[in-house]
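Okay, so here's the structure we're looking at.
By written order: A, B and C. Residues from 1 in each chain.
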Amino acid sequence: MKGFAVLIAAGLLAVPVVAPPYYVNVASQILIAAVFASSLNLLVGYAGLTSLGHAAYLGFAAYTVGWLTTRAGLGHLAAAVLALGLTTIMAAFFGLLALRGTGLTFLMITLALGQILWGIAYRWVSLTGGDNGLTGLTRPRPLGLDLTPPAAYYLFTLAVTAVTLAGIAMYVRSPLGAAVQGSRDQPRRLQALGHNVWMVRWLTFVLAGAAAGVAGLLFVYYNQFVAPGVLALTSSAEALLMVIAGGAGTLPGPVVGAAIVVALKTIVSTYLTRWVMLLGVVFVLIVVFMPEGIVPGLARVWRTRWRS
Amino acid sequence: MTIRIWAVLAFLLLAGSASAQEPIRVGFLTVRSGALAAGGRQLEEGFQLFLKERHHVLAGRKVEVIWADTAGQPALTKTKTQELVERHRVHVIIGPLAAFEALAINDYVKQAEVPIISSSAAAEDLTQRKPNPWFVRAVGTSAQVTQPLGEYAAKVLGYRRVATIADDFAYGHEGTSGFQRVFEDNGGKVVQKLWPPLNVADYGSYIAQIKPDVDAVYAGFAGANGLRFLKQYAEYGLKGRIPVLGNMTLVDEGILKSMGDEALGVVTGGWYAAGLDTPANRAFVAAVRQEYKADPGYYTVGAYMAGLFLEAALRTVGGRIEDKTAFMKALRGLRLTESPVGSLRLDEYGNPVLNVYIRKVERREGRLVNVVVQTYPETSQFWKYDPRTFLAAPVYSRDYPPARHLE
Amino acid sequence: MGFWLIQGLNGLALGGLLFLLSSGFSLIFGLMRVANLTHGAFFMLGAYVGLSARWAGVGFASSVLLGGLAVAVTGGLVERLILRRLVTRPPAQRTLAQVLVTLGLAFIIADGCLWLWGGDPMPLPLPAALSGAVRVGTIAFPFYRLVVVLIAVVVAAALWLGLERTRAGAMIRAGVDDMEMASGLGLPVSRLFTGVFCLGAGLAGMGGVLGGPILSVYPGLDTDMLPLALVVVILGGIGSLSGALTGSFIIGFIYTFGQALLPDLAYVILFLPMVLVLVVRPRGLFGARGA
């Protein structure tokens, strides 16, 4: 297992050496999507709360950084810290609203909150640039490093991704994380054991929002612009699809899901005009043949083959 | 010894000519998925027709096109542009379709130093306050066509009070503001401004608000929304009672074919009209009709014009597109004496100074056609204003210029 | 006065349209607990089929039925071939699988429509008898919108009668109330599910054809409509037909008057009230049952 992890780490580090710049950029996008999907996985997979508005946090962080650096003239570090803080506060507030319900009610409130942010981004032109969005952003220079080259940005993203995913993994394995999974499977029992189920869910919600904010920073630095599309329902739906397709409630699942969706959008679309249809077909096939998602599904196939 | 030198020289010459024979790689940003796909198809048709007429050879070199589907999403547009530049090493980019896509890649194009010819994106600032030395536009800006319409409405049609209704996004804002500014400078008054959201389910509640005593309604829509608006305008009994003015895409030929009598009599400003009666355009329209069984509209002409731009610049540099600086200089200094839209030249910002046509929808031989009723020759994106004062003011928006005559 | 009258009629007409859109969604959710995210795509598919029928010279009423039928068959296939397989899975996994599969199908249908019909926006032609305006004093109002309200009321009445007065309806009601008990009592749950899914999809398809003359038919119609259906159903209460009816008209009025009176809030005019309602009453305004 350890050898496997070292192999993966070596592979990820080798990407900028072996791959041409375009594919390095695709790899960066996969990592960004992986952080975003993993943050949503906290809700969908571990807390059992299906959100259709998770793009709100990615988009809000991206817009905040964009606005603070281009319009308010703030430095990158201050802007990033402020954006993450504000995103977390927003998640704390939205969590209060969304956790009025579970199941479909939760899904609908998150969807509605996401749509409201999208509407604001579209309509409040003086603040957000409307449909044209905010442009002219630069990438930060942490420790004086120039992140303009694709390889440099990839390594930066890889580092941030590793830290964020490690944080998510630690949370999931902590007592609080265990309580969250308990709240998903047996909320009544957890309540009976003296846990505050609502509080456990809310904390997870806030953490998921903050982690999506990290993805938002990576996203806006990568693209160097932000437009209302990031806040749209399709953006939230895409993340949800990544989580479920890869395997909700597993750590590698959303990463694999992100890789599949990004690869289909960027690489397969070059060769296939009807790639949107293929994306739909892939999702349906996953549901039919790998009900628990690709990662657990493949693991199951692997085990059964191994035994026979 | 001498033989060897000659051999080396011959080899170098051959190698040189071989590289000159390498095809010109054009990266074309189109849309094949999602809501904007119809425009994408028309872009492709316009460029395909152009290449077919040139037998895929420009300035003696073969042309190879790499198509990229942006799905109309800005982030994907950027990825696809990177793919075209970094993986396919294209010499020039044509597209993308939408203004917000063009703005999303503006910085990248500047940084990567790739020539880009915009075939449709109309955002004012691309050739105004966010200039890009590697960018030229083969079409007019959003307001370039509505500014003359403002003068026409005030001076020729004699309208005094107009209500505006337009899509609530940058393209709608810019067109409306251009119309309002010139209309009011000529003595008119915009007394009401309505902004239905882009994804509005129904225009009924907006149409019902239009003041019944205005002289005309200015409608600034794009895509399916023009079709829906004009139809409902007629259904609410306003057609024939209050005349409709509009921007170029309201009754664009690409959508006019799906309209009925509700479009008759609509007067719009545009840098093109399928009904334009010049030899160059008659031949162009005939070719498009034969090839695609439809009249050319905004996107078809835009892509065709981008092709003409590419050809003209290549001719100036003798096909040597690899010399980016020379190619770009040729592109930005370009003049066309004859084209489907008429003659044109580029201003120092990379935007064409071209004829703006006031067009009226009429039925000719059973089909709806934009017929030219007046021409404003050599119209600049700045209209008759001084570019410097024009650029010192903010870009046209929902709030600028302010509407002082709302009732 | 004229303003309130005509906007009132507008709200009414939009409400009728929204009911045709959302009744099927509500029905499916009520019985099967499937949040069918393909619903917007079903609506659009119906509109396209109706459009082709009209082009082929089929009458308007028959086109509505054809659109409904085509989508009902599509829905039946989806239920039999895919959704059926999910029923036996554990509840948490089932919900996620349903989200994934219905979104996936929405992608397939939307891209398929683009492929088959091209991307050009097209009007759905009305027969002369239904077009034109009705004049009330100085005010003109499109006649067809009144027809839509009437059809919505008729559909609502027919659904109500079907649910209350027929054997199948009684079975559906029993299933909605308590699925386990119903299957324990020997109800043909499998056929019931297929039937209801066909019916819900068919209603969406018919709604698409009926909405076509007002909305036009264009790629993106699906994603424009899906959030509206969700809002209506949520506001009205999940899985309740009378709630869907009331919710449709309330949304119709909020949307119409909100956009006219509060133009700055035009983009959020639906979702702001929705959040408020859900926060105060997580089960919807009229819903007795939650999710």
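Heads up, the rule we're going with is that a residue touches a chain if its C-beta (ideal position, glycine included) is under 8 Å from a C-beta of that chain, and two chains touch if they have at least 3 such contacts.
In this text, all values refer to a predicted model and were calculated from it rather than measured experimentally.
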Graph class of chain-chain contacts, one of line, ring, star, complete, other: complete
Maximum centroid distance from chain A, chain identifier (CA atoms): B
Centroid spacing, where centroids are CA-atom means, of chain B and chain C in whole angstrom: 38
Chain A-chain C separation of Cα centroids, rounded to whole Å: 31
Contacts with two or more other chains, residues of chain A listed in rising order: 122-123, 276
Of all residues in chain C, the ones touching two or more other chains: 111, 266-267
In chain B, residues with contacts to at least two other chains: 33-34, 168, 197
Chain A residues within the chain C interface of the complex: 44, 48, 50, 97, 100-105, 107-109, 111-113, 115-116, 118-120, 122-123, 184-185, 233-234, 237, 240-241, 244-245, 248, 274, 276-277, 279-284, 286-288, 291-292
Chain B residues within the chain C interface of the complex: 33-41, 168, 194-197, 199-202, 204-206, 208-209, 212, 223-224, 227-228, 231-232, 235-238, 254-255, 257-260
For the chain C and chain A complex, residues of the former touching the latter: 29, 35, 82, 85-86, 89, 92-93, 95-97, 99-101, 103-108, 110-112, 115, 223, 227, 230-231, 234, 238, 264, 266-268, 270-272, 274-275, 278-279, 282-283, 290-291
Residues of chain A that touch chain B when the two form their complex: 20-22, 25-26, 29, 122-123, 125-126, 130-133, 135-136, 219, 223-225, 227, 229-230, 265-266, 269-270, 273, 275-276
Contact set on chain B toward chain A in their complex: 32-34, 68-69, 71, 73-76, 78-80, 82-83, 86-87, 99-100, 103-104, 106-108, 123, 130, 168-170, 173, 197-198, 397-399
